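Structures given as structure tokens follow.
After this come two complexes, each holding chain A, first together with chain B and then together with chain C.
Presenting the complex of A and B:
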């Protein structure tokens, strides 16, 4: 027997969640589909290919205060930021849930990042399967799938006049409303996704490090950093202080390894000064170093970087080029 | 999921430290002596670094230049090169800074026991090495020869001149000094030329010697070549690398060299390890 919630009951449930927690869901803002806090259920977009930005922002913000400096009577106190409200992240696709599971590896490995950990602990993920992958999607080659519930708390699959409800975790089970009923119903098959030749890519990368391929590919890169910002698994960051009207905060913000100066040290020396070396770093981190460190590829195949890149640098092409190059170079 | 929710456990929260002493060492470098305000010791190892905060300006990685064998304070040498170091140079004794760390692996002290230590310091590279030199002096019987090759651009840039004078007096430390150039009106007893000109002046037993090298990036290729020429094994040539760092804990991404994070796996690497990393470019 499958569990089921009607469309009407889903709306009631979402209304209740909006009352009790912060509900973040896909919604259109300035013509862009983004994960945003919503106050009206009708603002939620349910039927979409993918959002412009991944929901990593819910856990690792584009800009987030780490602590504030409090000065009183000549004493200095540092007040760390904390997460004080529960959140439901609704509507994310399995690829983005997998992105979060990938980010958990660096952020929650000891020593764990407490702020990220608090965001994660206080957020419940209610996902929707992906029914219309984009032409740039390749999740199945990265170990995921359009209907993969693995990294979600709840998966809601549209069927008949409602949704099939799958509680994946205990946290998901707890949040379900009593309007969930049992019903004999068949889940629709997942859509097909174009594969890329990713098998063994991490090992092949080892052989092509010195290839001129990387600087040739980087020739057209304008280091706009959009690939890193739309990516669900890019996690490089900058830490800075902001002082404003006597208030001092230390802030973490997204940064990209594609920026010139990302590795430049005081005095001017830059160990990664060429664009070719920087672009190579992006693909090596995802396809070689991250697997070496954490045993998983640092890419979910969501295709966002491909759609966003103004000069058509395409990670699928890179993967298949590396396979060809590696075969040519040999072991 | 392992989640630390204690308020005080934030990885990015510095401890507050008081500046006990601020002392100019040269035109651009100042020595800062600090103590943590909560009364705890830094508990560092020679060759480690801390992230130093000037609240409202920012944070930067600075190597610790004193040995943990000395006392409950610690010392940093800071060259004025930018915003944060400029702000540090304006601070006075009694002022407060933030400290995170210590970070990094430091020098492998236990592997250095009984070894002859060949310190090769280029300019401000003497500062991180000083933490190990002091350690070796304080536990003198645990180590073999202590040899210091110290090169600067000119005599006025020599750091720790008082302490160098004390070291020169000791029969159990051998010091050779060079400057790239010496103004005609300055007295200089050392060599003139780049630091590698000192190598032919010292005789070492390559099997017993570990080289500890810290200096500007350009120095490493030439010093490593000299060490190899002297017959020191690749595994026994230790280099400390300077990189941009924001977190100190191996995830902000700035200090990565291939799959290594200089802030955690380094800053001290053997030449053997670096020569396996395609991106190290020595």
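Presenting the complex of A and C:
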């Protein structure tokens, strides 16, 4: 037997969640499909391929205050930011959930980022399987899959006149409504996803670091931050203090290794001053350094960077080029 | 016809590379989606056959000349892109003798998105009356017959007719969603400051926050730094991942400069731009 919720009951459940918590789901605004807080269930887009930006923003905001320092009557008080409401992130695909699991590694490794940790603890992930992968999707080559429930709390798979309900975690179990029933129903098979030759890529990367390939690839790179900002697993940020009267705030905002000056240090020296070194860093971080440090590739194969890049820097092509290059260079 | 253009560019590239006139030819090749185009840097004759030209070749490649200031380079330039070469020559950013311009007489390009090429010409191409590059060393293609220029500023006029409060609300909504990825800056041939004002720490013009107030400063100053300099290639708007209508802002400023000074950026490398000079007759309403 499988657990099931009818479409009508799902709407009722979502309405209840909107009342009780913040509900973030894919909605369309200005022609863009983005994860945004919703107040009406009918605004939620259920049938989609990929949102323009990833839902990482729910946990690692484009800009947020980490803590404030208050000075009053000669006393100085440090006030850390707190997350005081529960959130449901609804409608994310398995690749984006995997992106969150990947970001957990650097953010939650000791010393843990407490603000990120609070966002994670107070957010429940209710996912939908990906029924129509795009031509630029390659999740199965990165260890995921269009129907993979692993990193979600609940997975809802459309079937007959409703959804098959799979509670993956205790948190997911707790949030389910009483309208979930048992039913004899078969889950549809996952769609196929075009593979990329990613096997052993991390080791091959080791051998091609010095190849002129990287500076040639960087010829056409314009070094904007689009790839990093649309990516579910890019997590670099900059930190700055803002003073406003007696109050000081420490703020962090997204940053990217592609920006000129990202690694510029005191005295003006920049160890990654060339275009090639900057672009190479993006791929080494995802395919070499991150696996070395955390044991997993730093890419989920969602294809967003491929779609959004203004000059067609395509990570699938890079992976395949690196394999060819590695085979030529040898061990 | 389109296929021929790619071949003609390829033949010229072969000649320029094998004779050593240039070290690199910057043109277009097919992107990995099999539909759109992407920039291609050709260093050797073995790659010239990859060069293409068709109505998906939207990128303004002249931006890349700034990365190759000291090297002899050939670049494929559409008429709009060619104006950027004049801009860069006028501003002493590149040397004419180091650049070989393969001009393309242009019938317009289409809107593209990843894996998609539109059927109709881009809005700016429908308004364009410059079908031959303003500067080139070698020309391929054929310009379409001249037609009377249509009203180029209909959307600007429509915006001008709105109240200040409406305009402010409109732009606030547009800028609110900016993520400050700086793709608009990075792709722009006119945005080449070695240190952009947004990254300057002393003085600190604008902080790092990706938030409405900072977004507004960034987008406004970006546009103002291009007054009398924007050549209308529309690359900024094309690359914006959040669809901010930057051309509306750019063309409003272009219209102002035209009405006040009768000046269009990049039409000649010698013409003195309005912000580089001052005429006694200039009044501009100051003190009136």
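Brief remarks follow.
Methods note: the second predicted complex is superposed on the first by the 327 of 331 C-alpha atoms of A that agree within 3 Å, B and C clash if a C-alpha of one lies under 4 Å from a C-alpha of the other, contacts with A are read in each partner's own complex, and residues count from 1 in each chain.
Keep in mind that, in the parts below, contacts are C-beta pairs under 8 Å (C-beta built on N, C-alpha and C of every residue); 3 or more make two chains touch, one makes a residue touch a chain.
In this text the structure is predicted, and so the values were computed from the model without any measurement.
Superimposing the complexes on chain A yields a three-chain arrangement in which chain B and chain C fit side by side. Between chain B and chain C, it is B that contacts the larger number of residues in chain A. Looking at the shared chain after the overlay, A:265 reaches chain B, while chain C stays out of its contact range. Legend: residue contacts after superposition of the two complexes on their common chain; A:210 is shown touching chain B, with no touch to chain C. When the two structures are aligned on the shared chain, A:293 is found in touch with chain B, with no touch to chain C. Of the two partner chains placed by superposition, only chain B is touched by A:76; chain C is not.
By the document's definition of touching, neither partner reaches A:327: not chain B, not chain C. By the touch criterion stated above, A:113 is placed in contact with chain B alone, chain C being left untouched. In the superposition on chain A, contact is made by A:238 with both chain B and chain C. Once both complexes are placed on a shared chain A, the shortest Cα to Cα gap between chain B and chain C comes to 6 Å. Touched by chain B in one complex and by chain C in the other are residues 238, 240, 255 of chain A. Contacts from chain C toward chain A in the complex involve residues 31-33, 36, 38-41, 59, 63-64, 67, 114-115, 173, 177, 179-183, 185-187, 195, 199, 207-211, 235, 238-239, 241-243. Across the complex, chain C is touched by residues 30-32, 52-53, 62-63, 135-136, 216, 219-220, 222-226, 228-230, 238, 240, 242, 251, 253-256, 259, 261, 275, 306-308, 310-312, 314, 316-317 of chain A. Across the complex, chain B is touched by residues 66-67, 69, 76, 78, 80-82, 104, 106-108, 110-115, 117-118, 120-121, 209-210, 235-241, 243, 248, 250, 252, 255, 257, 262-267, 269, 271-272, 277, 281, 284-285, 288-289, 292-293 of chain A. Contact residues on chain B toward chain A in their complex (touch as defined above): 1-14, 16, 53, 55-60, 79, 81-82, 85, 96, 98, 216-217, 242-244, 246-247, 249-259, 278-279, 281.
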